[in-house]
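Just below is one structure, and these are the notes that go with it.
Each chain carries a letter (A, B, C and D) given by its place in the written order, and its residues are counted from 1.
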Amino acid sequence: MNFLVLSLIKAALVAFVLMTTLAYLQWIERKVIAHIQLRVGPRRVGPHGLLQPLADVIKLLTKEDMLPSHVNKVFYFIAPFIAVFFALIAISVIPFGGDISIGPIKTAMQLTDLNIGVLFILGLSGMGVYGVALAGWASNNKYALLGGLRSSAQMISYELPMAMAIAAPLLMLNTLSFRQLVDAQGGFYFGIIPRWTIFQGPFPQVVSFLLFVIAAFAETNRVPFDLPEAENELVAGFHTEYSSMKFAAFFMAEYANMVTVSCVATLLFLGGWQPLFPAEYGSKFIPTLIFFFGGAICLYHGANPVRAFDRITLPVAGVVFLGIGAAFLIPIVATILLPLFWFSAKVGVILFLYIWIRGTLPRFRYDQLMNFAWTFMFPVAIANLFITGLLVALT
Amino acid sequence: MQLWLIPILPLIGFLLNGLFGRKLSKPVVSAIAAGSVLLSFLWVLKTLSGLGAFSGGLDSAYTEHYYTWIQSGALNIGVDFAIDRLTAVMLMIVTGVGFLIHVYAVGYMDHEGGFYRFFAYLNLFMFFMLVLVLGANYLLLFVGWEGVGLCSYLLIGFYFLEKYATDAGNKAFIVNRIGDFGFSLAVFLIAIHFGSLDFGKVFAQAKDLPVESAPGWVTAICLLLLVGATGKSAQIPLYVWLPDAMAGPTPVSALIHAATMVTAGVYMIARSSSIFLHSAFALDIVAIVGVTTAFFAATIGLAQNDIKKVFAYSTVSQLGYMFLALGTGAFSAGIFHVMTHAFFKALLFLGAGSVIHALGGDQDLRNMGGLRTKIPITFATLMCAGVAIAGVPPFSGYHSKDAILSAAYQHAPWMYWVGVITAFMTAFYVFRALFLCFFGEYRGHHHPHESPAIMWIPLAVLAALSLGGGYINIPKFLEPMFPLAEEGGNEWTVYVSIAAGVGGIALAFLFYVVAPSLPEAIANAFRPIYTLIYNKYFVDEFYDATVVNPAIDGSRTLLWRGADATVIDGAVNGIGKTARAVGGVLKLAQSGYIRSYAAWVVAGSIAVILVMALWGGAR
Amino acid sequence: MDAILFLLFAAIAVVCAINLVLQSHPISSALSLVGVMGSLAVLYLLLGGEFIAMAQLIVYAGAIMVLFIFVIMLLNAGTELKTKRHLWGMYAGVPLLLALVGVVGYIVHDVLPASGAVVFGSFQHGNPEDIGKNLFVNYLLPFEVTSVLILVAIVGAIVLARKEVD
Amino acid sequence: MPPLPIPEAAPLSWYLILSAILFVLGVAGFLFRRNIITVFMSIELMLNAVNLSFVSFSYKLKQNDGHIFSFFVMVVAAAEAAVGLAIILTVFKNRQTLEIDEVSSLKN
């Protein structure tokens, strides 16, 4: 089958999945935060507010797109697109699983496998600054400008520890292609401990994993590093002047960055789609069990419902879950789905970490932020890199 | 055997005190300083016993090679230490006496400023002195030689706020330069003619030289070495710096300018004996220099009123004795005297220091007197030193001086007689000083007080040594290196020298205890001679007139004003001027606008590229 | 295909560069410079220099230019006010520079004929592995020296930009 | 109309000419702009042009030394940017201007 057509199909698929993920990620975030704060969260639109994202999209699309006066029009328009462009394009080098073959077609679960994928991601994350900075500058508003300045400074500062933290595992796996990275993390020690980078010898990369996650929080301007949009100092930071779809673009960019960074973390440190424990201990039944369990719960609650419409929604969900769980039992499907399951499970865990921390931690002060970057993260990252290199060289 | 530990320990002490001394407390500083020297003394003992030096071993030199310092062509100079019997004696003297003096200095310098600085210098001196003694080739010897010179300079000028001290330091340094110049020339000659600087190789070749009718350069080497020795060991004509060197603290005078450093020359000549033995002429010169120095210094010592000056001149004359011994081929006797002299002269200086300490810094004999009741310990110890230096049997000075004199008699009787007269004068002026100091009634004003134990205990030890030290039979010990001179057998020389010593003491007793008015009368009777002696034969003035002032004026007018100011500065300024003139022209092209500069650059590069394109540079 | 890509990105680069020169506001110039760099990165890819392309993106576009924009924002540099004085420079300079381009192009055409076409993927030594090997084997000393240079630059920048502590 | 005479692959000389054009544009920017920052950016543009020619030549010579040179150029450019921008900041702090012609104390 033609390369172009295949790529188009894959691109469409990935784009669709990604968009949905972004939309629902935000729903999940609202829900989780709500439960952290002992609230219920959105539940008007659709069952348990499941249609909330859709509603949001419609709202944002249909809102009046207002153009403030005194803004530098060109950059004011360009900025959100730059942001979202570089945020979305990053997904193109992320592999979600190994090679699969559907009938005659044999392809990789990935848009393209660059042999410099990691560098590519780094470059894009570097370019992502422009969106924010320009937005801040173009909207000609001192809060926005401060937000832009902060974000650019913050991103520049945190790119170094991030790059260092990435470099350490690369030293051990010595490749730059994500696919080979994941392949290099396959297998198990003593048949049980996975050879993920955070467990792998000679120097388990726990430190650099933590560093990477922290730096990633800062790169994506998330709590506790969301200085650029610190609402209580800067109104809304760099996107103060933005409304409707352009605002949505920044929003999407932020969530897309979150997803990308989580994927990178998974691929670099958590062994991508490698299972948690080997198949002979029945790792391939984990998803089935989980989904069956979820389905069972749904069915139970559907059987004796608390609310009226639970009688309809929950059994449906339960059946769906059971179906998915059953799908994992079909070998052919399983070969396709298992990697996806593991991958998205790990990514999901990291994303949940994001949300959790947002619900938990307060915000840094700006100087603390910078000090943290330069006087703690950077030295630690260098030390970690040095030790790793030493051990790699010795072994 | 780890010989390197011996010098390194004081070096560590120096580093510790020199770097951190300012912060350390006095006890710590003194503990470091004295402790390091004590450790190296103990290490010397261990090494020597390990080498069996005390049990008739160590007949040949034991050498340790550390690393190659200079490797050029045939010449190969390594940093290696050697130890043989001569070295052993010197090591014992340096570290032992050095330790005692360190201990003494702890008490003496207690009230002085720059405590840690003093001890740092002292340790540094010990380091260099040990390097000098241990070095197994002339270059290392020279290193130590220069190093001790430096330390002596630093320590003479220790009270650098007083001008006389700094002047004395400069004098010592410059005069030593003259000697070192000769020494370095000698080293070069040795390197040329023997193709090596290692003692072992050099002396092995030297032994093969014809004893009589040795080539001229042997004599040249010996004379140049002698020049170096006269500089370091304060012999005529370069002795003038030693008396002034008394400007330093008294422990320094004791350690450097009596016991150890000034004997470096003696050590060096003794070390080079197997070269000297091939040049009878040079040996004669050495002997003559020695005996004349001994005589002159003694005469000068007769009339000095500064107690330290007296002992300084006596040091010079005693060194003269040593050179006499060397010159008469009795090297072992010379080294023997080095040792005994180290004992009693160190004791004399330390005692003098104790007296000065007691009088709160007064050094003038005329302000002393009657101190024997007030500072009895010092008195007793100084008396021991006196009898020792006067050569009264059976004390140490007697043995060594007797050995020298008998050797001198066999060499040339007139030297013997001069030596005897010198011995007489020595006894006289030493006891003159002692009597002036301790007898009669007190002429000073300051209230004298006995020194603390930490000062008089070393005195006591040294006193014991200078009384009994004569029974350490150094010539016997050194026999494998320097064959003993055959016994002359004429007993009377011994008695004469003893008589000279005792007579000198008696005369001094007569003059300064029984009839204190006599010396004044005699001085008036022989006024011109007295003034001549009192002013040290005007040697300093002579040197000033002949050497120093011409040098100063010459450098001022010719070198400074002539060469430096006009030629060099002129050239430099001229370059500057021309540059400025050219710049003044070019300045017109400087608009100060960066972009105009850039435009010029671009135009130039375009021109170059055009040329390359049209005339095919690019193809 | 390659030629089209080349022409496309070359055009972008040239347009951006011209824009850099003509735009009166520093930010616009900076962004057009970023455009130049991006298209140059693509050209590097065409020439088979994956690593250098990414380095171009990360170092130049991602770090240096961000620094520029940061400073421009910080100083809030306004647009350049027009003066007549540099018009003569225009009249004198532009033809000169055009001449320069012409000459260089002529030389280049002379020196290497149009035969040597750049085919994507025919140059295989641009991947990080080979670069690293060459860099850390043959060019180790320059590498170290540049690291020292960077250090010096950091210190210098800090010293220059710090507040005067009196 | 006839199709444009575009070869399948661009000859190397095009790359070099492109780099020449970019370089000259950089020079022009350096000469005609008066804002220090813009001038500085023009310098960066020239550096980029040179990098392009480096990479092209290393394609021609079938070895990646050119890439390494341009890598070094980047490093140096980074250092230069750090120092240069610091200098610009200081100049602005002292003179409140970015006009390059205002900063002409080198004169006389």
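Everything below uses one rule, namely that a residue touches a chain if its C-beta (ideal position, glycine included) is under 8 Å from a C-beta of that chain, and two chains touch if they have at least 3 such contacts.
Quick caveat: nothing in here was measured; it's all calculated off a predicted structure.
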{"item": "B-C or A-C - the one linked by more C-beta pairs in contact", "value": "A-C"}
{"item": "Where chain A and chain C are represented by their mean Cα positions, the distance between them in whole Å", "value": "32"}
{"item": "Chain B and chain D: spacing of chain centres that average the CA atoms, whole Å", "value": "71"}
{"item": "Separation of mean Cα positions, chain B and chain A [Å, integer]", "value": "83"}
{"item": "Junction residues of chain D - those touching two or more other chains", "value": "27, 31, 34"}
{"item": "Residue list for chain C, restricted to those that touch at least two other chains", "value": "51, 55, 63, 67, 74, 89, 93, 97, 100, 104"}
{"item": "Multi-chain contact sites of chain B, meaning residues that touch two or more partners", "value": "595, 599, 602"}
{"item": "Complete list of chain pairs which touch one another", "value": "A-C, B-C, B-D, C-D"}
{"item": "Chain B residues within the chain C interface of the complex", "value": "595, 599, 602-603, 606, 609-610, 612-613, 618-619"}
{"item": "Chain C partner contacts - residues on chain A that touch it in the complex", "value": "72, 74-75, 114-116, 119-120, 122-127, 129-130, 133-134, 136-137, 145, 148-149, 152-153, 155-156, 159, 176"}
{"item": "Residues of chain C touching chain D in the complex", "value": "1-4, 6-7, 10, 13-14, 17-18, 20-21, 26, 29-30, 33, 36-37, 40, 43-44, 47-49, 51-52, 55-56, 59-60, 63-64, 67-68, 71-72, 74-75, 77, 80, 83, 86, 89-90, 93-94, 97-98, 100-101, 104-105, 108-109, 112-120, 123, 125-126, 130-131, 134-135, 138-139, 142, 146, 149-150, 152-154, 156-158, 160-161"}
{"item": "Sites on chain D touched by chain B in the complex", "value": "27, 30-31, 34, 39, 100-101, 103-108"}
{"item": "Touching residues (chain side chain D, partner chain C) in the complex", "value": "6-18, 20-22, 24-29, 31-35, 37-38, 40-42, 44-45, 48, 51-52, 55-56, 58-60, 62-65, 67-68, 70-72, 74-83, 85-90, 92, 98"}
